[in-house]
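Below, each structure is written out as structure tokens.
One chain, subunit A, appears in both complexes that follow, with subunit B as partner in the first and subunit C in the second.
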Partner chain A sequence: MLEAIGNGLYGLIAGFTGLHWSNPVMIGLGCLLLYLAIKKDIEPLLLLPIGFGCILVNIPLAGLMEEEGFLRTIYDAGIATELFPLFIFIGIGAMTDFGPLLENPRIFLLGAAGQFGIFLTLALALALGFSKLDAVAIGVIGACDGPTAIYVSSKYAPHLLSAVSVAAYSYMSLVPIIQPPIMKFLTTEEERKISMGAVKKTVSKTTKILFPLIVTVVGGLIAPQGLPLLGTIMLGNLMRESGVVSRLTKASENEIANIVTLLLGISIGATMDGKNFLTPQTLMVLGLGFIAICLDTVCGVMFGKLLKVLSGGKINPLIGAAGISAYPMAARVAQREGQKYNPKNFLLMHAMGANTGGQVGSVMAAAVMLSVLKGMGII
Partner chain B sequence: MVDWNLAFLISGAGYGITILVLIIVSMCIWLISAVLQRSKQGSKG
Partner chain C sequence: MDNWTFGITMVVVGMGGTILTMWVLSLLMGLLRKAFPYKKEEEGK
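Showing the complex of A and B:
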């Protein structure tokens, strides 16, 4: 009788005895993510479910990530199959107006320049001893694009998924802090004051409809490995610009995006098991991710300076920093920094053009990288 | 042992092709915009 009671009581404390030292640390980290989401309003749509998922998976004996655990089921359904990031991409395409980019297609080049960090970080990761596929997943943090990073790492380096996605989303939310010092360091006051005038609105609806088709066909033919990424973002945009499927467009940018964001966030959190997450490798991933985003900004601004020279001083190099995928945050940073030095300067729409170029550029860069690696027989 | 040749090949080739693809796409868009605008002006004239 007493033994049965003892065993029953032991069952109640089994969770405590099953704790590994890393579990309380990770529960603390989960709480920190919740704090950042709730109190600091930093990417709350993702950090809240990620933080809670992190807490859930670090409570021992619940088996949430074991076979038939509910988090494992969600993970297998949407992350292992790479479906969640692709659904998110349809929503992003449906939300994005490529108009400012189409008004000035040369700004597209800023979106290419802003991807430099991906490739240099890939080389750095290889130099630090990461395997080729791990290095690809780490480099993609430089795309500054959460779904792309998740798609690539879940496909080629699933063991790095949690570190890569936490790094990608954290640095995306830190863009307003990371970029301004670099922008200031690389530009003169005269350059920051350059006024670019208003964006003309001459792009026809036909051009806007043709844009997603051209990007899909040209990009898909050159880099077929990335077609799922390109195709989904462009499908969302085609639905938006065609104007004939407003119900689908609204569902993509609202209901579908919201549900998938919740499931995606909780699944990523569920990969943050202490024993796997608290490793020197994770710290290296976070460090390399930071370098990648700094390099993106450096290269974007330097390319902006080149365009300034080529255009006879008509382009403000600050918009170069917006050539990354953090939309519309990076464009707002360029606008804010420009107005600090010239209150009458409205760079926002130009920076939006560069920013949407960065979105396409980051997807294209990931697609190209995968196809190049496929061509070399590495993947 | 780091294979620097491979590292630079992957990065260089990847970045170069990315820029090339975006240049091709932007030129396609520019061309189509120009053709559409010209045909619009032509039909007005």
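Showing the complex of A and C:
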């Protein structure tokens, strides 16, 4: 009788005795993510479910990530199969107006330059001793694009998924803090004052409808390994621009995106088990992710300076910093920095063009990277 | 393949491939705009 009572009581304290030292640390980290989401409004849609998932998975003996645990079921259904990031991409395509980019197609090149940080960081990660596929997953943080980072890391380096995802979303939200000092350092005051004039509305509806089709076919032929990423974002955009499936467009940008964001966030949080997350490797991933975003900005601004020269001084190099995928924060940063030096300057729509170019560029860069890996027989 | 060769290949082909693809897309978009110019009457549609 007494033994039975003792065993029963032990069942109530087993959770405490099963705690590993890393679990309370990770519960604290989960609370920090919740604080950033709730109090600081930093990517709350993602950081809130990630933070809560992190807390859930660090409570011992609950078995949420064991086989048949509910978080494992969600993870296997949407992350392991790569479906969640692709659903998110349909929503992103449905939300994005590529009009400002199509007004000035040269700006596509800024969207490419803003991805160079991916490849430079990949090389840096290799130099620091990471394996090839780990370096690929780390480099892709430089896409500044959460779904792309999740897609690539879940496929080729799932053990780094949580660190890569947290880094990608955290640094995306820190773009307004990370970019301005770099933009200021790399440009002269005269360059920052360059006025680009108003963006005229001169893109036909036919062009807007054909844009996603052409990007899908041409991009897919050049880099077929990235077609799931490219195809889904362009499907969303085709639905938007065609104007004939408004129900699907609205569902993609609202209901589907919301449900998938919740499931994506909580299942990423569920990968943050203390024993696996609290390693020197995670710190290195976070550090390299930061370097990747800085390198993207450097390359974008430098390419903006090159375009300025080639255009006879008509392009303000600040919009080069917007050639990353963090939409629309990066465009707003370019606008704000430009107006600091020339209050009559309205760079926003030009920067939006570069920013949407960055969205296409990040997907294209990941697609090119995967296809090169396939060509080399690495994957 | 050693890490050095892999890294250099990824930097050169990856960056080159990305910018080349985006350049091709920018040319095609320029052609599209010429082939299907904007008409004033599209406004309000």
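Quick note on the criterion: the second predicted complex is superposed on the first by the 379 of 379 C-alpha atoms of A that agree within 3 Å, B and C clash if a C-alpha of one lies under 4 Å from a C-alpha of the other, contacts with A are read in each partner's own complex, and residues count from 1 in each chain.
Just so we're on the same page, a contact is a pair of C-beta atoms (placed from the backbone, for glycine too) under 8 Å apart; a residue touches a chain by one contact, two chains touch by 3 or more.
Note that the structure is a prediction, hence the values are computed from the model and not measured.
Residue contacts after overlaying the shared chain place A:G63 against neither subunit B nor subunit C. Using the contact criterion defined above for the overlaid structures, shared-chain residue A:M376 touches subunit B and also reaches subunit C.
Of the two partner chains, neither subunit B nor subunit C is touched by A:G28. Shared-chain residue A:F108: touches subunit B and subunit C both. Within the superposed three-chain model, A:K201 lies in touch with subunit C and out of touch with subunit B [touch as defined at top]. Within subunit A, the residues touched by subunit B in the first complex and by subunit C in the second are 102, 105-106, 108-109, 111-113, 115-116, 118-120, 122-123, 126-127, 132, 202-204, 206-207, 210-211, 214-215, 218-219, 222-223, 357, 360-361, 364-365, 368-369, 372, 376, 378. Interface of subunit C with subunit A (complex): residues 1, 3-4, 6-11, 13-15, 17-19, 21-30, 32-33, 36-39, 42-43, 45. In the complex of the two chains, the subunit A residues touching subunit C come out as 101-102, 105-109, 111-113, 115-116, 118-120, 122-123, 126-127, 132, 135-136, 139, 201-207, 210-211, 214-215, 218-219, 222-223, 357, 360-361, 364-365, 368-369, 371-372, 376, 378. Chain contact summary for the complex, subunit A toward subunit B: residues 102, 105-106, 108-109, 111-113, 115-116, 118-120, 122-123, 126-127, 129, 132, 202-204, 206-207, 210-211, 214-215, 218-219, 222-223, 357, 360-361, 364-365, 368-369, 372-373, 376, 378.
Those residues of subunit B lying in contact with subunit A across their complex are 2-4, 6-15, 17-19, 21-30, 32-33, 36-37, 40.
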